[in-house]
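In what follows, chain A forms one complex with chain B and a second complex with chain C.
Moving on, here comes the complex of A and B:
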């Protein structure tokens, strides 16, 4: 019994640690800003929502052993495409358009995966190039920030659910992860993705369709990127073609902080999502403390460097 | 495939593998030929001179990327270093040019050293390490910019000349810096022990370690050199724009990687060289010039740019295997 508990704790060390860290950050926030209320909870959820989805997109790819530098630009494409199409639509029309954008995201992600598998070019280079392409496409769809979405659609992110303390953005995120990742994680597919990420050759020899797994992981990345773009439309009410740049780098930051190994196979979806909230909360706290919020970026960078250097040191010390 | 075609393809493959810069130079000539064919009279000494002028900062930035790629790494902080060096120079030059240059170089040294320590001694993945230092450098620079807001930016005359000037009518001054640098890097990679070690470490780190190579020293030196070269590229860049801003070199990050990849340097390390990167830089510059001539709007340019990098990388992967 105790053994089982310890194993369970060990396996979930990263998400548990991050949840504690997030809780202590929230406690700190309340301590330095006693007026912290429902409104602040909502703005935190709104701010973290697109980043959490970007982190989910990157996690799906990295768990299967790849990397996707086109997450941000693809979020921008989904954002401007939905904002441009939804500007005069009703709620039902907006939902139809959202479905279309999701399908486009899956296709774009699968294209990344196919290019990686077929061209045998390194994933970094492929997604770097497709990132360029999506960046251009986003600018073609909307030259400058504009477009819009019906109020009912925006309410999906900006509203609250039942009580003032439960922002719709959190419900949106939980639903997106449960519907998009839940079935994958529970099925053989999730195991296949992880197996591909931890050792491609071994996975291939045990009968995993490695190439298919790679394509599927990128398609999932495309799906979550599209959800992220839709979330951005819902939370900001406009499409901005240059929004993507920030998300690729922050998504990688979130998965590193969230305990996902960049060499693939290790980590989960919860850690990066919690990390996205922490990375959003840090600049907010700095503003409450009247410290220059630009330190947020420095802290984000320092956090990454300190975490990975600490991890590297631990590995080096464990080796005899 | 017929025997003759197969033999020709084999020869092509061998040529590309053994002498990638030469084959790429043919591609470059073809691109220039295409420009002259579509827009007769464009290609002139003045056009070539301008192309060289624009290519030099990217070429120097791609040099730092190439050194790191050869060891099997990647440096996402080169553009942050270049921007920081340029901004520090511009805000400190009014108080003494020498010290301003020293501060700019120190920024490159510091970030390169931190990258090198993380990658070489702590075994951190280069992508993550350099992403982290890039974020740190960018944030610190923003804070510094707010602190130094009262300072009048000043870009010394010789830096402006370096970035935009020409001698004898046609020879860009930055080429006079870039050309000797190219010779030094190409010879350094091919003929010195350190140069060969960069390839060896990128090819098989474990074998190097077993052969008694102090791998961490090689990696540390590579990242420090990359930081210094990136700072130098930032100085050339600020000379050409004559205005330092906090996003000066951001647009050069992806092209710096693309130039090296197009030039045949493998992202897995151990294969490639700076000669190829120079030709890759020129190809990207000429391509940009062609798209400008075609009056392509910026988004179309970006899409084509991405597609062409992807196409070249795929062709390269197919031929070189």
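Moving on, here comes the complex of A and C:
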């Protein structure tokens, strides 16, 4: 029994550690900014939502052994496409458009996967190239920030659920992960994805359809990117062709901090999402502390290195 | 060669013999580029038999197995499962058809737990545990990650998983290579029981003793062609060795080895390289050997007997766990390949990919190790460098038409560049690991001649080769490595293929009457 508990703790060290870290950062935030209240919780959730979804998109791809540099640009496309189409739509129409955008995201992701599998060009190169294409497409759809979304749709991210302390953004995120990743994780598909990322030859020999798994992982990445773009539309109320671009590198930072191995196969979905919250909270704290915001990036970078090294050290120490 | 029938057949019912065999291959062929890996391989595994697949290194065993299990597609020929032609697009398809393989490196995904691995291939965990109990691993923790298990355990889990899917034909590829003797016995018991249920096993092994203990019939491959089917049980061992070599049993090797140059004796010089009690990793148990200046020592071994580790230790790629290495009589502790090179020990690896800078020119590749001599800090002394490089190129007859980029050279010429590098830089001991792998016959000859010439100029050469006939052609003396130990030593003149092969299979030397 105790052995089982210890193993459970050991296996979930990354998410547990990150949850503790997030809690202590929140404590720190309250300490330096005593007025911290429901409004701040909501703005944190809103700020972290697109990054958390971008991290989820990257995780789906990296767990299966790939890498996707087109996550940010695809978020931008989903953002401007939905904002442009939804500008005069009602709530029901907006939901229909959202479904369309999700389908487009899955297709765009699957295209990445197919290119990687069929052309055998390195995944970094393929997704870098498609990333440029999506970046251009986003500008073609919407030249400058504009468009819009019905209030009821925006409320999906900006409202609260029941109490003031539970922002809709958190519910949105939890639902997206539960619906998008839950069924995958629990099924043989999830095992196949992780097996492909862990050891492609062994997976192939175990009867896994490796190429299909790769395509599916990129399609899932596309799905979560599209959700991220929709979240951006809901939380900002407009479409911005450049806003999504920065999410690629931040998502990679989040998954690395979140305990996902860039070589594939190891890690989960919770860690990167928690890491997205931590990476969003740090700049906020710096503002509360009135530190020159230009230090923000320096501190964030240092934090990433420290967290990743700390994780590696913990693993090394645990091994006898 | 007629199939060799034995009394074992009595065990099979008439109908089983007449029914189409569970697994049959007809004229399977595969080529990789210009290399024919498999010319035309025929194989039939009957119901209720353990069938061995044998052949020397490079005979095409692994290519055949990969095609039978769906990991590789044949260029031509047919595979029949229970009489029906099948073509497998993937291992999953072969599994579906009833052919399941336990590979040399276990096919368990390291980052999944055992339970997850079983779920991945859709095998009931309870049945797997039942089989594991037979091997004494009933208490194995299925929640453990596969990466945390030892190799023998992994192989048994892999075997249990294969058995649990009830295959028509179970393919065991060197299953015993990583197993201790007691587990090997348990595995054999299970295989016999499996046969008793009328199932079939294709057993691939280097170990003749195991094959004659376990197998009903054996198909022997030589140079990509199935050259015969024999019954190993009753004195078939000699016949298998003969088939593998392409000679009649007892006829000895084809041509006698060329007379070797008289060994310079009576010198007080210490050996150029001496190894005492070297141990490293799981494979290298204890190796001691010496190579005198001017001597070419050949090392023969089957795959996976520890030769890679031995060379890695000697070249400073890996630190041994025990034992000493003496270079020119001085104890050497190589922490890094640079230490070995400084002590005059140079390695020519099997994999030319790792030895050369592929996108750089022939000249740069040859000159690279010289730079620690030719004034490391100043500008490169171009003229001196060019003279030495040209000398090496001339001596080795390297075809320099494509000299701007080494990767555009043929494999043989690339290998010559690797050798030329050390000729230009200078060395005392040259370690050659399978230097002629994948090289055409003409260049091979040149490389043998070169190795001989190096010996005559006073350099010591230790050469591992997977082609046993090379030893008589280019060496002074031969040692045989088996199970991480040197099991035989002989002058090259006596190192005919048959003797080497027997020693490499761990068989004692044949009584003199046959020699």
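Please note the rule applied: the second predicted complex is superposed on the first by the 305 of 320 C-alpha atoms of A that agree within 3 Å, B and C clash if a C-alpha of one lies under 4 Å from a C-alpha of the other, contacts with A are read in each partner's own complex, and residues count from 1 in each chain.
Just so it is clear, contacts are C-beta pairs under 8 Å (C-beta built on N, C-alpha and C of every residue); 3 or more make two chains touch, one makes a residue touch a chain.
Predicted model, so just to flag it, every value in this text is computed and none were measured.
Asks: Does chain B (first) or chain C (second) touch A:40, or do both, or does neither?
Replies: neither
Asks: Let me test your reading of the model: by the given contact rule, A:140 touches which partner, first (chain B), second (chain C), both or neither?
Replies: first
Asks: By the touch definition at the top of the document, which applies to A:122: first (chain B), second (chain C), both, or neither?
Replies: first
Asks: Quick check on the superposed pair: does A:316 touch chain B, chain C, both, or neither? Answer first, second, both or neither.
Replies: Touch status of A:316: first partner only.
Asks: After superposition on the shared chain, which partner residues are touched by A:262: those of chain B (first), chain C (second), both, or neither?
Replies: A:262 contacts chain B only, not chain C.
Asks: Thinking of the overlay built on chain A, is A:302 touched by chain B (first), by chain C (second), by both, or by neither?
Replies: In the superposition, A:302 contacts chain B only.
Asks: Any idea whether chain B or chain C touches more of chain A?
Replies: B
Asks: On chain A, which stretch or stretches are contacted by chain B in one complex as well as by chain C in the other?
Replies: Touching chain B in the first complex and chain C in the second, no residue of chain A appears in both lists.
Asks: Could you list, by residue number, the parts of chain A that touch chain B in their complex?
Replies: Touch residues, chain A against chain B: 67, 115, 119-122, 124-126, 128-133, 135-140, 143, 249, 252-253, 256, 262-263, 292, 294-305, 308-309, 311-313, 315-316.
Asks: In their shared complex, at which residues does chain B touch chain A?
Replies: That would be residues 74, 114, 118, 122-125, 127-129, 131-140, 142-143, 146, 254, 257-258, 261, 267-268, 298-307, 309-310, 313-314, 316-318, 321 of chain B.
Asks: Give every residue of chain A touching chain C within the complex, in rising order.
Replies: 7, 188, 191-192, 194-195, 197-199, 201-209, 265-266
Asks: Spell out the part of chain C that touches chain A in their complex, as residue ranges.
Replies: 71, 90-92, 95, 101, 103, 106-112, 116-117, 119-122, 143
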